[in-house]
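Got a structure for you, questions after.
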Amino acid sequence: MGYTVSEIATALGAKAVGAVDVVINGASEPATAGAGDLALAMDPKYADGLAQGQAQAAVLWDGADWQALGLKAAIFVPRPRYAMSGLTALLDGGPEIEAGLHATAVIHPEAVIGEGAAIGPFVVIGRGAVIGARARVASHVSVAEGARIGDDALLLQGVRIGARVVIGDRFIAQPGGVIGSDGFSFVTPEKSTVEQAREKLGKDVRASAQSWTRIHSLGTVEIGDDVETGANVTIDRGTIRATTIGRGTKLDNQVHIGHNVQVGEDCLLCGQVGIAGSSRIGNRVVMAGQCGVSDNIFVGDDVVAGGATKIFTNAPAGRILLGSPAVKMDTHVEMQKALRRLPRLAKQVADLKAILEQSDKE
Amino acid sequence: MGYTVSEIATALGAKAVGAVDVVINGASEPATAGAGDLALAMDPKYADGLAQGQAQAAVLWDGADWQALGLKAAIFVPRPRYAMSGLTALLDGGPEIEAGLHATAVIHPEAVIGEGAAIGPFVVIGRGAVIGARARVASHVSVAEGARIGDDALLLQGVRIGARVVIGDRFIAQPGGVIGSDGFSFVTPEKSTVEQAREKLGKDVRASAQSWTRIHSLGTVEIGDDVETGANVTIDRGTIRATTIGRGTKLDNQVHIGHNVQVGEDCLLCGQVGIAGSSRIGNRVVMAGQCGVSDNIFVGDDVVAGGATKIFTNAPAGRILLGSPAVKMDTHVEMQKALRRLPRLAKQVADLKAILEQSDKE
Amino acid sequence: MGYTVSEIATALGAKAVGAVDVVINGASEPATAGAGDLALAMDPKYADGLAQGQAQAAVLWDGADWQALGLKAAIFVPRPRYAMSGLTALLDGGPEIEAGLHATAVIHPEAVIGEGAAIGPFVVIGRGAVIGARARVASHVSVAEGARIGDDALLLQGVRIGARVVIGDRFIAQPGGVIGSDGFSFVTPEKSTVEQAREKLGKDVRASAQSWTRIHSLGTVEIGDDVETGANVTIDRGTIRATTIGRGTKLDNQVHIGHNVQVGEDCLLCGQVGIAGSSRIGNRVVMAGQCGVSDNIFVGDDVVAGGATKIFTNAPAGRILLGSPAVKMDTHVEMQKALRRLPRLAKQVADLKAILEQSDKE
C-alpha cells in the first residue's frame, strides 16, 4: 500500500483535484477515517461523516465542493460502485502466503507446480496434478490426483479439489470449498417411492422396504477462467460427463451445485443457493440468496431470481422471478397482494351469500 | 479398469451380444465416446449420439438394433438406471490413498487402526479411537478421542469425526463433513422471547435483556451401516442420548442434522436439507433439496417431500408433501392453482357485489 | 467427572434430598441410566423410565415422590431447562487437546500465544496473530496474519480465522467454520440486469453481455465476547468497515453472514440461516432454522422469526414473524387458513354467479 491520490485516480481512470501527492494507506468510511485514509463519500449523505473523520482526501459525489468539505484533495468518479472495484483491488494486500513450497507440504513427485507458485503449510498435492504459474495455495489445501488448475490461482485455507477436476486461470476459492465431491445419485432395485410418487402425481405411496445403491461419479468438474467460489461451497462431479461452471461465474458461500449441472458464463449465485442434479443454468443468470433450482430443468440467459425463489420448471431467458414456486415478479406481487386481502374477500363472499339467501326468502 | 464387454455384462447380470471380448476402459455419453469407452445409450434418443461418437460397444435400450447402430458389441439391461450402479461401481477407480500409515499422520498410541487401513497425510486420530479394517482415510481428516468407525470406511479430505461418535461398516464421508459438533441448545435464566412467543401464540413480545447459557452436549452420534454423508454436512451430537442415523441412509451435501434427531433407515436427504433438534424421521423418507423439518416433530415412514418443502407438524406415513407450510401434494397443487386465479376471483366478487348493489337500488 | 449428588445440587443452586453422597459419573435419560448415572426426569412422563433404568439418583419434577420412585437420592430444580445448562457444563469433560504447542504446529515467530494455551497438531498461526490465555486450539485450525482472539477460546478442528479478524473472550467455534472470507460483491462496468430489474420493478430485462469485477474486502470481522459459531458457518469480512457480531450471540451450523452485516447482542441464529450483505440485526433477535434476511434491511430488537421465514423488508422491534415473504405471525396464520379454504371459496363465488345469472334470466 501507499499510493498518492494522483496514482489512485490514474488507476481508476478518474479525475483528481487539489494536493494530489497526498499519500494514501487505506480506505475508510468518512466518519472513521484516519489522516492516511481515503474517505469513500460517493453520496451527499456522507458530508457530515467527512467532518467527523480525519481524512485529507476523499472519493466524492459529482459536484461536491471538496474545499468546503475541508479536504486537501479529492477524486471524482463517473460510476462510484464500479470505481470501488479498482480502488479496493489497489489497496488489498491479499493473504500472506510465503513464496516457494513450504517444507511441510506433501507434493507428489509426479505433480507439476507452476513457476512462481507459493504453496503453504500442510498442503497435499496428488499424483499428476498440475498447478499453474504464480498460484497461491494457502494452508491445509488438498488437490487430488490428476486435477489441473490454471495460472494465477488463489486457493484459500482448507479448499478441497477432487481428482481430475479441471479449472481455468485466475481461479479464486474461499476457504473450505469442496470441488469434486461425489454426486448424490442412488437407485433401488425396484421402483422407489419417489418414482412412484412421480407417476402417481402425488397420491400417497407405501413402498416395500428397499435399500439404495449408489451410482458412482465417473465424471469430473470443469470450471472456466475467472471463476470464484465462496467459503464452504460444494460442487459435485458428474456421473459420466462433467459438471461445468462457465467462465466468469461467481458462487457465494455455501452454494451447492449438484452432479451434471451446467452453469453458464458470468452468473452470480448468492449465498446458500442450491442447484439440483442435471439442471442447466444459462449465461448471466443472477440468483439472490437461498434460491433453489429443481433437477433436470433449464434456466435461461439473463434470468434474475429474487431471494429464496424456488424454481421448479424451465424459465425463459430474461425473466425476473420471485416466490416459491417461482413466478414472474409482477405476478408474484399481485398474488401476494391478493393473498393479504383474502380474509377480507372471504368475508365479502359470505356477506353476498347472506344477502342472496335473504332476498331468496323474501 | 479394463474389462471386456462380457465381464461387464456378467457383473451386471445382463446380456451381452456381438464381440464380447472388446475391452472397455471407461464409460461415456454416446456422442463423446472414444474407441475404448462403453457408450451409455439406454434410450432411443441417444441413437444419433452413437453415430457421432467412436464407441465400439454400448449399453442399449431394449430392442435396439446394435448392428445397424454400427456397434461391435452391446449390453442389454432390464432396469437401466439400476444397471448404472453396477456399471459405475465397476469402472470407478476410487480416490488414490497410499497403503499404510502416512509418515505425517498423528495417531494416538492408544488408537486402534484396523488391518489393511490406509491413512493419508496430516490425519489426526485421537486417544482410544477405533478404525475398522481396510479403512481409507484421506488427508487432513480428524477422528477424535473414543470414536469408533466400522470396516471398509472411506473418509475423504478434511472430514471431522467428533469424540465418542459410533459409525457402522462401509461408511462413506465426502470432504468437509462434520459429525459430532455440539448441539445448538441455549437457555435463559428467565423465560426467553421464544418461550413467550410460543405461549402468546404470536403476539409481539418485548423481553428484558437476558443472555444465553449453553446446554452442553453430553451425548454423541450413532450411525448405522452403509450410511453416506455429503460434502460439508453437519451432524450435531445429542444432549444426553445420541443423535442417530439409521442403516442405509444417505445425506447429500450441506445437510444439517440437529441434536437428538433420529433419522431412520434407508432415507435420502438431498442437498441443504435441515432437520431441527429432537425430531424423528421414519424409514425410507425422501426429502428433496432445501427441505426443512421443525424441532420436536415426527415424519412417518415412506414420506416423500418435494423441493424446499418445510414441514412444521407431524406427517403420517406414506404422505407426499409439498410447500411451506407442507401440505399433501394434491392440496398444494389445488391451492397454487386457486392462488394464481385469486386476482380474477377478487374481480368476480367485486362484480357480483356491484350487481347486487345495483339491483338493490332498483 | 465424579461428583456427589450434594456437589451437583450445590453447583446448580438446587435442593438435594436422600443419600446425597451417592457419586455421579454422567447423566442419562431415565430408561437407559446406569447405576452411576444421574437420571434426568424433570417431567412426570419419565416415571416409567425411572423404573426401567438403574439410576440411584435423579433430577425430578416438582412434587415427585422420590422414594416411591425407588431412588436413593434426588435433586429438585426450579427451572429444569436452565438447570440443564449447569448440569451439562459440570459433566462435560470437553474435547481432549494436549497441553502446550504440538510439535507439528506452524506458528509464526511474530505470533503471540497466551499463557496456558493448548495448540493441536497441524495448526497454522500467522504473522502477528494474537491468541489469548488458556486458548484450546484443535487440529488443523488456521489463524491468519494479524487476527486477535481473546482469552479462553475453544477453536475446534479445521476452523479458519481470516486475516485481521478480532474476536472477544470465551469464543467457541465448532469445526469447519470460516470467519473472514471475502465478501460477495461484484460490479459490472455498465448497469447490470439486477440494477435494471430493480429500476424496472420486475419487467423482464435483456442485458448486453458483461462480466463481473470483484470489489475486494478491505474490512474485517469483529466479534464480541461470549460468541459461539456452529459447524461450517461462514462469516464474510466487510468491504471497508467490519462485519460485526455482538456479544453473547450464538450462530448454529451452516449459518451464513454476508459482508458488512451487523448482528446485535444475545441473538440466536439457528441452522442454515442466511443474512445478506449490509443488513443490520438488532439485539436478542431469534431466527429459527433456514430463515433468510435480504440485503440492506434492518431487523429490530427482540424479533422472533419462525422456521424458514424470509424477511425482505425492515422489521420493527418485538415483532413475531412467519412466512415468505415474512408477515406478522397472526397475519400468516390467517392467510394460511384462508388459503386452504380458497378452492372452496372459488366454488362459492361460482355458485353465487350462477344464481345471479339465473335470477337475471328470470
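Here are some notes:
Order of writing sets the labels: A, B and C. Residues in every chain begin at 1.
Simple rule for what comes next: a residue touches a chain if its C-beta (ideal position, glycine included) is under 8 Å from a C-beta of that chain, and two chains touch if they have at least 3 such contacts.
Owing to the predicted nature of the structure, the values given are computational and were not obtained by experimental measurement.
Of all residue numbers that take part in the contact between chain A and chain B, under half occur on both sides, making this a different-residue interface.
When the CA atoms of chain B are superposed on those of chain C, the rotation angle is 120 degrees to the nearest 5.
Chain geometry summary: the mean Cα position of chain A and that of chain B are 23 Å apart.
Multi-chain contact residues of chain A (touching two or more other chains): 104, 122, 140, 158, 176, 232, 254, 272, 290, 324, 339, 342, 345, 349, 352, 356. Against chain C, the residues of chain B that register as touching in their complex are 104, 106, 122, 124, 126-127, 140, 142, 144-145, 158, 160, 162-163, 176, 178, 181-182, 184-189, 192-194, 197, 201-207, 209-218, 232, 234, 236, 239-241, 254, 256, 258, 272, 274, 276, 290, 292, 294, 310, 312, 324-325, 327, 331, 334-335, 337-339, 341-342, 345, 348-349, 352, 355-356.
Those residues of chain B that touch chain A in the complex are listed here as 26-29, 32, 40, 79, 81-82, 84-85, 88-89, 91-92, 95-96, 102, 104, 120-122, 138-140, 156-158, 172, 174-176, 226, 228, 230-232, 248, 250, 252-254, 266, 268, 270-272, 283-284, 286, 288-290, 302, 304, 307-308, 317-320, 322-324, 328-330, 333, 336, 339-340, 342-343, 345-346, 349, 352-353, 356.
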